[in-house]
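Each chain gets a letter, A, B, C and D, in the order it is written, and its residues are counted from 1.
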Amino acid sequence: MTDETRSLPRQPGFGSDNVAGLSPAILQALAAANEGPMPSYGADPISRRVEEKLCALFEREVAVLLVSTGTAANALSLALFSPPWGAVLCHAGSHIENDECGAPEFFTSGAKLVHVAGTDARIDPEALRAATRLNKGDVHGVQPAVVSITQASELGTLYSLEHTRAIGAVCREAGLPLHMDGSRFANAVAALGASPAELTWKAGVDILSFGATKNGAMGVEAIVLFDPARAGELAFRRKRGGHLSSKMRFLAAQMDAYLDDDLWLANARQANAMAARLDAGLRVIPGVDVNGTVEANMLFARLPQPMIDGLLAQGFRFYTDRWGAGVVRLVTSFATREDDVDALLAAARVLA
Amino acid sequence: MTDETRSLPRQPGFGSDNVAGLSPAILQALAAANEGPMPSYGADPISRRVEEKLCALFEREVAVLLVSTGTAANALSLALFSPPWGAVLCHAGSHIENDECGAPEFFTSGAKLVHVAGTDARIDPEALRAATRLNKGDVHGVQPAVVSITQASELGTLYSLEHTRAIGAVCREAGLPLHMDGSRFANAVAALGASPAELTWKAGVDILSFGATKNGAMGVEAIVLFDPARAGELAFRRKRGGHLSSKMRFLAAQMDAYLDDDLWLANARQANAMAARLDAGLRVIPGVDVNGTVEANMLFARLPQPMIDGLLAQGFRFYTDRWGAGVVRLVTSFATREDDVDALLAAARVLA
Amino acid sequence: MTDETRSLPRQPGFGSDNVAGLSPAILQALAAANEGPMPSYGADPISRRVEEKLCALFEREVAVLLVSTGTAANALSLALFSPPWGAVLCHAGSHIENDECGAPEFFTSGAKLVHVAGTDARIDPEALRAATRLNKGDVHGVQPAVVSITQASELGTLYSLEHTRAIGAVCREAGLPLHMDGSRFANAVAALGASPAELTWKAGVDILSFGATKNGAMGVEAIVLFDPARAGELAFRRKRGGHLSSKMRFLAAQMDAYLDDDLWLANARQANAMAARLDAGLRVIPGVDVNGTVEANMLFARLPQPMIDGLLAQGFRFYTDRWGAGVVRLVTSFATREDDVDALLAAARVLA
Amino acid sequence: MTDETRSLPRQPGFGSDNVAGLSPAILQALAAANEGPMPSYGADPISRRVEEKLCALFEREVAVLLVSTGTAANALSLALFSPPWGAVLCHAGSHIENDECGAPEFFTSGAKLVHVAGTDARIDPEALRAATRLNKGDVHGVQPAVVSITQASELGTLYSLEHTRAIGAVCREAGLPLHMDGSRFANAVAALGASPAELTWKAGVDILSFGATKNGAMGVEAIVLFDPARAGELAFRRKRGGHLSSKMRFLAAQMDAYLDDDLWLANARQANAMAARLDAGLRVIPGVDVNGTVEANMLFARLPQPMIDGLLAQGFRFYTDRWGAGVVRLVTSFATREDDVDALLAAARVLA
């Protein structure tokens, strides 16, 4: 926030879903968890309850490790499956490649992220098949070790159930584990209608970063490991990475409330609905060109430069300088209200 | 918590200060921070305010990086100062050596923790002087790179102002930076009466892990860097380690409240006072032998085995199996009440 | 060598320049160095002489560290200049990206190799300029740290003096150091006619992997550091990587003989001349299509599949399965004789 | 070599066994290997022969990876068996702890070397048993992962067959693999009379750094892996560490000659015999106090300071400043002749 903008009336932030605060239920859960002493490091009853809830949600035994950031969830998950000489097969536009300052390389002790082609930030199964064979057994090259997909993707697109299954099938065929970066997994489930189980292990996913932070929590992500036998190694890696919270109950309490009464789904639906409302409103504004289909809670559109400048000057917040001239990214969250959307649309119409 | 103990009345936990919950003021601060959108990743006004408060507290310009665990604060701090071929000079009984599953080695890319002798888990300045010269310039040996001391120590002992200055002087002489693991820094300040500035940079400390988690926060520690020029590198290391919280305002809010009205000091004083009360009460129980002087919020004592067994059976919680036969560790926190102490003392007297 | 081929008459190997043995002068130098005791780890007089010779060759003060493989020379050089959160800017077709099993990632503790476009395995200066600005200062992205070019490239092409200077100028402008992977540096110098100084530091190169192994030595590469002040760090990194030879005199003796009487240049000229002879001979064989211009000691050509099969069946050795259907790579070395070339050409003509 | 000493007559070096050159047979083997093209990276027939010879020597199937330094052999071996959160249990006086600049930490991605007590630089089996249980399963502590012993030790002492078996038994009991740093393994075998198989896998050793460099080779050590199934991972680690020699035949040729006609044993016997001769001669010189029993090719003795100064002034070479006042270390090698020993003894007698 610059000095200039501080004096402006606070406008809704479409910069990212992480500019939102907490769902009230999650805040209440923190207060409720603050009752007397409780064992530290995850030996508390709330942590146990969260694990049970996630087993129920995913319809099978899973191991759960809570961490406070998506970067940690992703990097730890990849480190479990890739040796230092491994290749992490991912899209060039993925979050793990572009936005984590090399955290996957750090946690894997130097694995290489190898790009797999595909449109709209999604891996193409055929391109993946070729990549899984690259350098196989050749001591001069890094070895395909794990595949990582992002659901929803960095462009807000989704892997359909069919697409996910196709990726999973290639992984099975190649004997490679499949990681899903699900920092916006809730938005994907809300949009796709398939169950969490169908979209993950039933389709071939081995490990999931199940995000809550962007969708109403304060800072908690669950690493959901569908083969619980490997949880031990992950526990050492988490501790060593400084991600074993001593007062774990407060991470657990967030996740607990997030899972209660399908808050996670309700929040995601609200975010998705607001993106759809933005989409519908923007499409009819002259000079605005929305990119592709809006599938979850993120929208890319080309706007006239004076409209961009005008919106920013009025205090609206979004990113605009990274995807080509005139392209803006608008992200909605559980906290976005119809009024927020309508205010942006009204301002844009005036500037059209 | 085992099934057996679950049915017992909840008894106070003396296992660690991290079994306590949050100070009410910190919980309120979280609620207060939950107001509308706010820039992520530390660009929010609460983060700025925390930095200002810590500059004021330490009476100089400092750089502040918030992280959610003490392990992260320590490991990142050491990584800033030790190259991979460095030696981190520390006490054999230090937390960084024993309780972080190799996190310092991970974040430094493989530095070596080299032990420096000293009584009561505190480094002796003369032993340190010798250690700073070890292998200096010899390509076959790791190079002394940084010194780390723990305030308060793992045995609950304190580095007096004089002791800290003596350590600082050796560091200056050797050209080595000095790190202070201050996960219980508040308890040390409360006990020693010297100012935070006196106990740190004025005595030669270059970087401090300023803990809040054990003393009433949910999960936040401030890396306080007394030479702000090096903060840039630390920011990359923090992100790469998965420790850059997206909704940073909620880490900041905890620290903000922690610093308000000297809550940090008040909490530490309460914890220290409860340890003193325990000390006074235990010393007069026949068969109990309290080790040394209780300086902060931690007490070690040799108890008759039946007394230990009896207390545990009644639901009191503490560690007992790590420091020799019959030795227990009792840790108090801001949340420990006189009643809690008195209940333990009463039970012990009955078992004596 | 399969069982089948073992019974064939030994045919010349065009698979790589590393299938050749040693220059006789280098073998003699090893014998000559084997005289009585000599200080270990590089404190011997031969090592000193090599450093002096390389200072003379490069017309300035340089620091020299000898290692036994090109992988080590490259990875250590990059580690000197890239922090773990750095980006190593290089061509997608570079050796460091494809043929070192992640050694640069290992030695840098997890830096990321970021691809810069350009034809014929050479970086384009304009593409480089854009890459040097990528994520600059953004804590979410790895930071441009060092540029690496390969001279001669993996496709046998050369960076002309002008091209090198253009790359160097972009590096200077961006404040980034420039590494040259010179495992075939001798072939480049022999072909380009410019001096070693002109092709390196005068054009902006900061560190050079000066190769000898592929050009007549047994196993020695010199890391030539044009700013000797940073050699200390490199020495620790070398030792830590297991690359400080105890009987260093024998690495030094190889390099010493390699530099004597311009053996390095004479060997490279022979290799280049044999590639030119191959080129001239192949171009006139019907059905053979030599790719581009042959600039150093490596040639790519499309051959009819029966010709490929026939040559391999007769015991000729080369790689053929990596650059598209029917494309073979032929590499010559100092040890390749006119007879070897003519034998291949004769066999190919028969198979045409 | 300082300027002063350069003008002195060359005197025998007792500083280390790595100040010696090559066995003539090894030099000849290098010349013999220099015949025409040969497949690179270990696919040559000499490498195959070496593997066969080592299988024969150790009386079982083994996997062999050749590298050029002992540091690499040790660090790679440990990395195979220790995860980053592992503890490498070793003696505080071991080479891996003191003389490799943290190479084990580098190759293991940050494991911790944990000291096990024992006299004369040898691990005590009972102390080892306790160490194998340290922190077991506790996520806060590094996990016992591999045990490493040095044969012969840094003090020149040996693990007897019984001692080795006792260590091996503790490892088996704890489920931990056992590494033997055998940079002077030949000297141990020569002295102990037991077979290589008895002293290694039959006693519980899982991986051996089988040294040749200190005992007559130029620079080659064999990693001998008694469970060949794990060789694949080791191959990737070797390449990634820059230790896969392209012209591998020349490493193999050294090892080949080293194993021929028991050259390795003959060389070690000569070195051991010369140490015994030194021992016998020194013990009868007034004022000289030889430490303990001389078991292999290394001797520690306390000498009067004028004798030390006088010997150094006459050009004799040895280390003297690391083991307390007046203590010198004298190391003999295959190249040490009786004359060399007698010259030192004569000079010492004069200075007595």
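Here is the rule we go by: a contact is a pair of C-beta atoms (placed from the backbone, for glycine too) under 8 Å apart; a residue touches a chain by one contact, two chains touch by 3 or more.
These are the chains along with the protein names UniProt gives them: A, B, C, D = L-threonine aldolase.
As the structure is a computational prediction, the values presented were derived from the model and not from experiment.
Participant: Could you run down the chains that neighbour subunit B (L-threonine aldolase) and subunit D (L-threonine aldolase) together?
Facilitator: For subunit B (L-threonine aldolase) paired with subunit D (L-threonine aldolase), the chains in contact with each are A, C, in label order.
Participant: To reach subunit D (L-threonine aldolase) from subunit A (L-threonine aldolase) by way of touching chains, what is the minimum number of steps?
Facilitator: The least step count works out to 1.
Participant: Name the chain pair with more contacting C-beta pairs, choosing from A-B and A-C.
Facilitator: Contact tally favours A-B.
Participant: Need the most distant chain from subunit D (L-threonine aldolase), centre defined as the mean of C-alpha atoms.
Facilitator: Between subunit D (L-threonine aldolase) and the rest, the longest centre separation is with A.
Participant: Quick one: compare the interface residues of subunit C (L-threonine aldolase) with those of subunit D (L-threonine aldolase) and tell me same or different, with half as the dividing line.
Facilitator: Both copies touch with mostly the same residues.
Participant: Could you put a whole-Å number on the gap between the CA centroids of subunit B (L-threonine aldolase) and subunit C (L-threonine aldolase)?
Facilitator: Taking the average C-alpha coordinate of subunit B (L-threonine aldolase) and of subunit C (L-threonine aldolase), the gap between them is 51 Å.
Participant: Return the distance between the CA-based centres of subunit A (L-threonine aldolase) and subunit B (L-threonine aldolase), expressed in whole Å.
Facilitator: 33
Participant: How many angstrom lie between the CA centroids of subunit A (L-threonine aldolase) and subunit C (L-threonine aldolase), rounded to a whole number?
Facilitator: Chain centres of subunit A (L-threonine aldolase) and subunit C (L-threonine aldolase), defined by C-alpha means, are spaced 42 Å apart.
Participant: By residue number and range, which residues of subunit C (L-threonine aldolase) touch two or more other chains?
Facilitator: Where subunit C (L-threonine aldolase) meets two or more other chains at a single residue, that happens at 41, 84-85, 100-102, 106, 109-110, 139-140, 236, 239-240, 244.
Participant: Per the contact definition, I'd like the list of subunit B (L-threonine aldolase) residues that touch subunit D (L-threonine aldolase) in the complex.
Facilitator: Residue list for subunit B (L-threonine aldolase) touching subunit D (L-threonine aldolase): 84-85, 98-102, 105-106, 108-113, 139-142.
Participant: Using the touch rule from the top, collect the residues of subunit B (L-threonine aldolase) that touch subunit A (L-threonine aldolase) in their complex.
Facilitator: Its residues touching subunit A (L-threonine aldolase) are 1, 10, 12-13, 15-16, 18-22, 27, 30-31, 33-41, 43-45, 67-73, 75-76, 100-103, 106-107, 213-214, 218-219, 236, 239-247, 249-251, 317, 335.
Participant: Contact residues on subunit A (L-threonine aldolase) for subunit D (L-threonine aldolase) in the complex?
Facilitator: Those in contact with subunit D (L-threonine aldolase) are residues 41, 83-85, 109-110, 139-140, 143, 233, 235-240, 244.
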